[in-house]
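Naming follows writing order (A, B, C and D), and every chain is counted from residue 1.
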Amino acid sequence: MQNENEPTYGAGIWHFATYVDRYATDGYGEPRTVLDAIKLAGKVGDLSVVDLNWPFPPGDISTAEVKAALAEEGLRAIAVTPEFYTGKFAKGGFTNPDAAIRQDAIELVAASAEVGRELGVDYVKLWPGQDGYDYPFQADYTDLWDKSVGAVRELAQQFPDMKFAIEYKPREPRNRMVFSSVARTLLAIEDMGVDNVGVLLDFGHSLYGGETPAEAARMAINRNKLFAIDVNDNFRGWDDDMVVGSVHLLETFEFFFALRDAGWEGVWQLDQFPFREDPVEAARTGVRTMRAFHYALDYLDRAELAAAQARQDALAAQSIAKRALYRALAESETV
Amino acid sequence: MQNENEPTYGAGIWHFATYVDRYATDGYGEPRTVLDAIKLAGKVGDLSVVDLNWPFPPGDISTAEVKAALAEEGLRAIAVTPEFYTGKFAKGGFTNPDAAIRQDAIELVAASAEVGRELGVDYVKLWPGQDGYDYPFQADYTDLWDKSVGAVRELAQQFPDMKFAIEYKPREPRNRMVFSSVARTLLAIEDMGVDNVGVLLDFGHSLYGGETPAEAARMAINRNKLFAIDVNDNFRGWDDDMVVGSVHLLETFEFFFALRDAGWEGVWQLDQFPFREDPVEAARTGVRTMRAFHYALDYLDRAELAAAQARQDALAAQSIAKRALYRALAESETV
Amino acid sequence: MQNENEPTYGAGIWHFATYVDRYATDGYGEPRTVLDAIKLAGKVGDLSVVDLNWPFPPGDISTAEVKAALAEEGLRAIAVTPEFYTGKFAKGGFTNPDAAIRQDAIELVAASAEVGRELGVDYVKLWPGQDGYDYPFQADYTDLWDKSVGAVRELAQQFPDMKFAIEYKPREPRNRMVFSSVARTLLAIEDMGVDNVGVLLDFGHSLYGGETPAEAARMAINRNKLFAIDVNDNFRGWDDDMVVGSVHLLETFEFFFALRDAGWEGVWQLDQFPFREDPVEAARTGVRTMRAFHYALDYLDRAELAAAQARQDALAAQSIAKRALYRALAESETV
Amino acid sequence: MQNENEPTYGAGIWHFATYVDRYATDGYGEPRTVLDAIKLAGKVGDLSVVDLNWPFPPGDISTAEVKAALAEEGLRAIAVTPEFYTGKFAKGGFTNPDAAIRQDAIELVAASAEVGRELGVDYVKLWPGQDGYDYPFQADYTDLWDKSVGAVRELAQQFPDMKFAIEYKPREPRNRMVFSSVARTLLAIEDMGVDNVGVLLDFGHSLYGGETPAEAARMAINRNKLFAIDVNDNFRGWDDDMVVGSVHLLETFEFFFALRDAGWEGVWQLDQFPFREDPVEAARTGVRTMRAFHYALDYLDRAELAAAQARQDALAAQSIAKRALYRALAESETV
């Protein structure tokens, strides 16, 4: 389905899971195991890779079973995402006040890295969602920073053959997270002093964190630290994890332009949460829009755009970008 | 513990429950039944009333059991909150596209009203958290409005002896809710053309919705529609349900000033979600701050304040308010 | 240039003015009189009407001169916007603590209404930008409300042959404005008890105020109170007054869909502030995008969309809308 | 008035200026020269230092005159703030697309540094308010970064005896600024490779940029780059420059706690914009609150707080902080 020049498309496997929140505690739809989810991912037809939560939901599924399910669907595991943000880690994984729980978090990630090695993943994704604080005066910020930096450094040194990608996010579930922005995460990575740690840039996290995602991507790429990306959309006030391009079409396109322009060659990956939508259709819609971006980038007159940007001519630059984008989108929707 | 002039303090019983979210799906702490929660509410020592979710969590508890548990703790049910926002209602309660589910929502509320009658509550709380939409173009807004208005009208007419209080909120779990602001809710109530529907004003919802809660309270009181209030705090971007006064001390005090100044005499009620805190201590902290507001309102020189406000003299008005507030707070913390 | 079925396009004349802010106090470009601005508006080629600040900037220009300038460019004055938000009114126009200044505000508006009558405008626009407050405790909210309602009522009764359109906005220049949302403004209009006051809905104000503009439009239209609209764009946190469609393409299209679907037949009007852009080009860009919306609305399969909305099928509804929109946009940019 | 242990208090001299914005283009009050403003600063009675815009407003005032005025009021110039954000620099100072204007910006700063040297300032403040962009696709982000880094490096090398403090801010007047957060600014300073550039942390910029100001301060101090601070307050959505402590009392106190706890010894400085308030009273109010923080820090049980933070015990930590704060505030308001 994909032609040769196209990027590889992927998705977090949770795209195909069901969800709970603090109100619908009984869940948005029926529970699904990771094996069910892999089957759904296979039905999308355009996905080549998936990022897998670990322990594999609901918790009693073996790596061999997962491998077989992936093979069945022609999918590859691009990453493993250790779940050190469940109830046990409510007050933090790497930054938990309890040393034993901090150790558990590190061991959980280490175990996931072993699984990742076995699956041949490109990176272990670190999303320390519970590492942060909720109230003014609650935390010693320097201590949180040091513990975060120290834990990731320790893991990176323990697995020198693996890559670790930190997914930053401003907040949720903690009211404030330690790795909250691209620049903070890059500073933390410097402090670690290791080579195998980088950034996973989630478009939506960047957007609702007040960044310009394309600018954040440039910053990480310029320091050789953009290990992976995720895309989705939101209303700029929360991590809504909506379908790609459903709100911020132009800024998402600009984000992919930044990747292509800088020669970045990773996977174009979905991190959508279709709470009330069909997950296969939602993924297809996301990929269709990403594919349109791919063609739009071919149509884009980059020399003309560079000239407009050199003048900071907003009207001209937008017009050039829109011409390419609208053509590709129109083609995409009429096929 | 409470002296005679003090307001009645209350809390949503969920303050003492445990929570899940989309990450800690296994929960923040051990599950608790409504009976466990009532026992904890009793331990606070300052609460007189509670608002009860219905069906009583986890679902198999009788009204008689609840009555007994309340009596045991010296508590009264001020309200019942029907849960028409669980998984079944993911695409809406009153506004669900499926007529059968809309009917289920109405019947669930009606059944809760019967229970409320039996418990002798002051009002049935309506919080249509799933009534709204997520994406641009998803919904016919007029249709959502008409269904919302119609359903509440139907319930109000079916239970003319009961009061119904609509708790508005900008969003969550839906990306956008129908009853999203005080003014929209007041307009909807007008459209209903019934007398027994009013507003429950949640301080935090108002704050993160961009309102000034004290101003919203005045507006509802001036139309005789402020049936109840809830307080908590947040960082102004989300419904964090933090402990009262942990961030916005002055604006919370102003909110209670608006209530007192207008002669409003309802319950001062907590809607906090102590995800990672001890719920009894969190409630005590909330009540302690509310009690300080109560004393501060006694200290407040209202004539002087009115004169400053007549001049729109921000520095003088704040100084007058702060003098009273800081005195009461200092006394409260040193006791 | 416009074909017969097309809407009438207009612009606030300030689109062609130059601006100052608190940093560039010497201005973004050279000062221009209203006559200069009218000349620029004429150069756009697609505008039929303009909304005029009054007193005509910089203050010493006669109505006759303005009439002549409009005639010269083939433009009509759709509205007059009295400037009761300058330094003198820093603490409010209709709500100023000083009764004499309140009277001045009313007289200024009344004088502008006389000018508007002479120019044959459709409405007098009321934008009480300084009517509000800045600090907690600064104001008596009920008093601000009553003064606002009373002043507009008085004007409406004084000019029963004229229409007055209140442009609501959450904030700026005051930290909080009295007429801050569509629902609050509709409630205020009810309180006025007059027939000739309605709402001017500015897309950007609605968006950054947390509303869904299409939903706000429906609400005002359903009450026969949508007198006028303005469009622009922003980053959802401030009134950036950017070029239409530069960020929120889909939501702007949905807004125009709401107008068309409800049979609303007013002017499609720009309220852009091109601080650093060529104003004529910025206006042309805005009109080009609005014209694409016009064609997209012709392409839109409304029955199919209604069916998807009846199911709250977000993916289908967005797909239907995008198909029409992208086609029209692609045609628009390739011409 | 100040006792020996107290910090030095200061203010930006613009605190005492009058303002314009895009609506009140005629100004909030009568224009004042820098000499008028210095006289008002002297009247506050608690200020020791001021930060001075340069060229000295309105533009024709000599350094000698300013020196004399400062001496007259017993004030010292702590900093000079070159105004490379006026109309001429609308499309950028250091990042202007026009090389000649970029050169003008550098020369303006250099000239201000000479003046600063003559005045004996502690640092030259750099606030590149126009350096950024407004629209998606408008700018080449790497180019903006490189130009910003290069210009500051050039200045730092040209004046090795001077310190330069970059005041970061998320936005305004540009929709997005290059130096937008503490972490981005620290990364930029690293890229400069010079020793005499640091950060000026404005509490309000940090707050509305989504940072926790106390955490941002720790981060800058831990890298020895916190050269100066400014305080004020806002509603977390814009740079409202309100009086210190008028909204976020606890977080402002936490910010000063972070400074004191880390042994930071700079000036406690106001950056308030009292658009509609008496500037002398506004400054006195700000200083009174800062002084209360100073005493509260003496009352604070730091060992107990550290123990609560080590447990991440939000309720205990807040209680400890509040006890100290409320006592000092109550004393401050009753004096």
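Before moving on, here are some points about what is shown:
Throughout what follows, a residue touches a chain if its C-beta (ideal position, glycine included) is under 8 Å from a C-beta of that chain, and two chains touch if they have at least 3 such contacts.
Being a predicted model, the structure only gives us computed values, none of them experimental.
Judged by contacting C-beta pairs, the busier of the interfaces A-D and A-C is A-D.
Comparing the CA-atom centres of all chains against that of chain C, the greatest distance is found for A.
Each chain gets a centre from the mean of its Cα atoms; for chain A and chain D, those two points are 36 Å apart.
Centroid to centroid, with C-alpha atoms defining each point, chain A and chain C lie 39 Å apart. Looking at chain B, residues 91, 134-136, 235, 237, 243, 246-247, 250-251, 276, 312, 314, 318 sit in touch with two or more other chains.
Across the complex, chain B is touched by residues 19-29, 85-91, 129-130, 134-136, 171-173, 175, 235, 237-238, 240, 242-243, 246-247, 273, 275-276 of chain A.
On the chain B side of its complex with chain C, the touching residues are 91-92, 97, 133-143, 145, 170, 176, 180-181, 183-184, 186-187, 209-210, 212, 214-215, 218-219, 222, 250-251, 254, 257-258, 305-306, 309-314, 317-318, 320-321.
Residues 235-237, 243, 246-251, 276-278, 281-282, 285, 312, 314-315, 318-319, 322-323, 326-327, 329-330, 332-334 of chain C are the ones touching chain A in the complex.
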